[in-house]
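Common to both upcoming complexes is chain A, partnered first by chain B, then by chain C.
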Partner chain A sequence: MKTWKIGLVLAALAVLAGVPWYGSDVLVQFGINALLLAVLAQGWNIIGGYTGYASFGNSVFYGLGGYGVAIAMVQWQLPFAVGMGFGVVLAVVFAVLLGIPVLRLKGHYFAIATLALSQVMTAIVSNVGIAGQNIGLVLPPLNNDPLFYELSLGLLTIATLTIWGMTRSRFGFGLIAIRENEEGAAVMGVNTTLYKVMAFALSGIFSALAGGIHAYWVTFLDPASAFDISLNVKMIIMAVFGGPGTVLGPIVGALTLSTISEFLSSEVTSIAGLFFGLVIVVAVVLMPRGLADMLRRMRKMGWGYFIENIRAHRL
Partner chain B sequence: MDLLAQILVNGVLQGGLYAVMALGLALVWGVLNIVNLAHGAFIMLGGYASWYLYTYLHIDPFLGLPLTAVVMFALGYGIQRGLLNLVIRAPMFNTLLITFGLEVVLTYLAQLVFSADFRTINPPYAGSSLALGPLVLPVARMAAFAVAIFLTVGMWLFLLHTRLGRAIRATAQNLVAARLYGVEPRHLYAMTFGLGIALAGMAGTLYGTVSQINPYIGASLTAKSFAIAIIGGLENPLGVLVGGLFLGIVESLTTLYIGQTYADVASFGILVLVLIVRPGGLLGRTT
Partner chain C sequence: MKALLEVRNATRSFAGLVAVDSVSFTLAPGEILGLIGPNGAGKTTLISLISGTQAPSAGEILFQGESINHMPAFRRARLGIGRTFQIMRPFPGLSVLDNVAVGALFGRGGGQPKLAVAREHARECLEFVGLGKIIEKRADELGGPDRKRLELAKALAMQPQVLLCDEVMAGLNHAEIDEVIDVIRKVRDRGISILVTEHVIKAIKSLSDRLLVLHHGEKIAEGTPDAVLADPVVIEAYLGKKRA
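Take a look at the complex of A and B:
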């Protein structure tokens, strides 16, 4: 990476880190939500963007992270950090146990199996006594929004650095090889099962940490909100809109779409939902490789970029 | 024993309805290779169409079925021709994503236009039922089941014996060869999608006569339809019928012996199991 680019990223990070000092309370709260969504988009980026396995069930990890924190703090009176660790353990166990069979599936089959898993988890957790069943758990309140903001920003930074490091490692190249041609990757000596499960688990760890921070922040957790299926919608759209399989794309996508959605939902709530749907439809037709690719290639091709995309995929 | 028999009957009646839900999804998937994640949302729209026809024009939901089917067919044809045909050659994930987007759009549009209230289509015979020995057979469910069987068998005969049906099957097998024989794919794809959506719309009507509809029922109905299509395979409507009956029975047995909240766990658990063991469907081709 060029020096000026690193400087730009560091400057953006400094501006973001300073928000609690110069921003309003509302901005900080919006920031926590947007940053946690960006973490989810980055988590999805690992399994969906780099490995090419479109998971529609990453919200399960988010829910497990939330429940890890809630169960540890409410039922066992342990500190928050231990709860985060517990959530990560749950996510990794889930990723390995279910990842091994489910990651054998390809394409549509994998996508729907993960979608089904996220629905099953809601029903199962509603029946688990230690997780508060349907009623949910109330966590001890900690009114410290700036702390949660910095935690979220820190987590996003770590997730992004991990992905950046991954893209220049043997592991990252292995994942890209699996995305481009799984049989080919296996022939070249990539242990595809191990790599896929590791990618799924890594994606799960970041999602679980985001879920843990969110649960402690809102101090309440029930199955419907923890395993919220619409979170899958959001994280996928944000990653795809920004540019899946790029280091910074999902962050740009998440922050852009969160901001627009925030302005829209201050008018009518359902308009924001409608907007998300329209963004997906339009993005898939006009810019299927995301914002990053569009910005790069529109400089050369202009509006022809959109026509080119349609021409390449229409019947 | 009576209880078990009643539960089995309930499961079979529910299963017929499930089969119609899955029929359109399986058709579109098999021919166009699109898993239509908006399928459940179209079922929801069909339900609302019949609700409006009944509430404001007093057209019986069963008599209004052809009308609902025609409207939904036109909608499906338009969406395929104007939108989905633009991305049909893109990677699988893109077509999955665009139907996902459609699902979100339709759900929130429905919430804006129809409001989030629960609606039920309540014709005069809604509460009545027949007694057959110890068994109770609700009239609306029986009618819905009869229509479901009629539509499934009709679809099977249509695919086997009509010109359009043969063209659809030919395209599913080999697009290039079908083109050489004079099939116009843009039109045929749109016809197929239209048919799939018309089936979804009629399933919505039947669903509305036996349960409540609201804008958010779509996602779980899509997942159920998918499970049935996986169990039954994509080639044959009769396989889909078996898949639907199977799922209906499993759900009612789970509700009886384990508990209501586990009914979804059972159906999706079966889905994941079948996917892992036999991705081509229990009754489908082996892969």
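Take a look at the complex of A and C:
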């Protein structure tokens, strides 16, 4: 990476890290949500963006991370950090046990199978006593938003560094090879099953950690909110909007869309959802490969970039 | 000479259609074996059975004397079996260089873990097949002949002991065919055994040490190129009865 690029990223990180000192409480709270969504988008980026498996099961990891923290803190009176570790263990076990059969499916079939997982998990957890059944769990409150904010930012930084390291490693090349052509990857010596499960688990670890932070922050967790499928849709939209399979795209996507969504819901309260939908549709038509691709190719092609995309949609 | 690769009565059927019917042959170290036959004869299926992308319905495949029947494709690649695809399968979104680097990162013996070293090796392979000047291009920007060369470079970067070339000459003009033949000969000079399929006879005749002819999935002839091509059974399979 060029020096000015690294400088730019570090400057952005410093600005973000300073928000609790110069920003309002509302901005910090918005920031926590936006940063956690960015972590989820990055998590999805590993399995969906780099490996090419559009997972609708990542909200399960998020829920498991939340329950890991909630069960550890409420039922066993253990510290938050242990709960985070427990959530990660749950996510990895889930990724391995269900990843092995489900990752044999491709394309739409994989998406549908993972979509079913979050529904099944809601039903299962609603009947587990230790998880508070369908009533949920109330966590001990910790009134320290700046801490949650910096935790979320720290997690996002780690997730992004992991992905950056991945893109220049054998593991990352294996994942991209699987995405581009799975059979071609196998005959070149890529252990596709192992790599896919590892990508699924890695993606699950970051999602679970985000879920754990979120659960402790909002101090309440029930099956419906923990395994919310609309959250999974959100992380996909954000990752794809920013640029799937790029290091920074999903972050840019998550922060941009969170801001637009927040702005709309405060300015045009009643029809904010409609506007947000419109933004998505326009984005898909004009820049189907995300912001990262747009910025790269706009330099060469100018406005013709959008015209070409519109043509590709046969509109 | 001891066989590097041995195929014993390999059979593969697809719901009643027998694509490969009890085919046996051996491939010696450093040998170029030409596999010919009309379209649909089962050449590609046979290559898939060896590379592990399809499982045989019956029969056995041995590499260095050991059965590899139950080995998944990636393990066979790590043993040293490399292949190219007739329907080219580059990684379209990657640069030409990184396409080949994947072969070096994985490939025989598990490959090279360092990306910089793998890219360096990939660059050499690309020079070798004549693509040294366009390594930064995206793979899906290449035309047909260059894609064929890219397929070869990807397989070579794996440092295979056996190279299975599936129709690397199809769709090329005379000059390009001569270039590919030249490259394959140079590959053999490195000590790599090569199984090459083709349905253009002329191209393969000068290249192969031995020829094996498939027709409707069965082996109908095997031997030196001149003997095989003079065989009336082979001529009949290619040209029909009247001309024979």
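The rule is short, and it goes like this: the second predicted complex is superposed on the first by the 299 of 315 C-alpha atoms of A that agree within 3 Å, B and C clash if a C-alpha of one lies under 4 Å from a C-alpha of the other, contacts with A are read in each partner's own complex, and residues count from 1 in each chain.
We adopt the following convention: contacts are C-beta pairs under 8 Å (C-beta built on N, C-alpha and C of every residue); 3 or more make two chains touch, one makes a residue touch a chain.
What you see is a predicted model, and the numbers here were worked out from it, not measured in a lab.
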Practice task
Check the residue A:176 against both partner chains and state whether it touches chain B (first), chain C (second), both, or neither.
Solution key: second
Completion exercise
The chain contacting more residues of chain A, comparing chain B with chain C, is B
Exercise for the section: Using the superposition on chain A described above, determine whether A:278 touches chain B (first), chain C (second), both, or neither. Expected result: first
Practice task
Tell me which partner A:24 touches in the superposition: chain B (first), chain C (second), both or neither.
Solution key: neither
Handout entry: First, second, both or neither for A:189, with chain B first and chain C second
Key = second
Practice task
Answer with first, second, both or neither: which of chain B and chain C does A:259 touch in the superposed model?
Solution key: neither
Handout entry: Partner chain(s) touched by A:75 [first = chain B, second = chain C, both, neither]
Key = neither
Exercise for the section: Quick one: classify A:101 as touching chain B (first), chain C (second), both or neither. Expected result: first
Practice task
Please give the residue numbers of chain A that touch chain B in the complex, ascending.
Solution key: 52, 54, 101-102, 104-105, 107-109, 111-113, 115-117, 119-120, 123-124, 126-127, 229, 233, 236-237, 240, 270-271, 273-274, 276-281, 284-285, 288, 310, 312-315
Exercise for the section: In the complex, go through chain B and note every residue touching chain A. Expected result: 29, 35, 83, 85-90, 92-94, 96-98, 100-109, 111-112, 185-186, 189, 219-220, 223, 226-227, 230, 259, 261-262, 264-265, 268-269, 271-272, 275-276, 279
Practice task
Quick one: which bits of chain C touch chain A in the complex? Just the residue numbers, please.
Solution key: 51-53, 72-74, 76-78, 82-83, 85, 89-94, 98, 101-103, 105-108, 110-111, 113, 115, 118, 154-155, 158
Problem - Sites on chain A touched by chain C in the complex - result: 168-170, 173-174, 176-177, 179-181, 183-192, 245
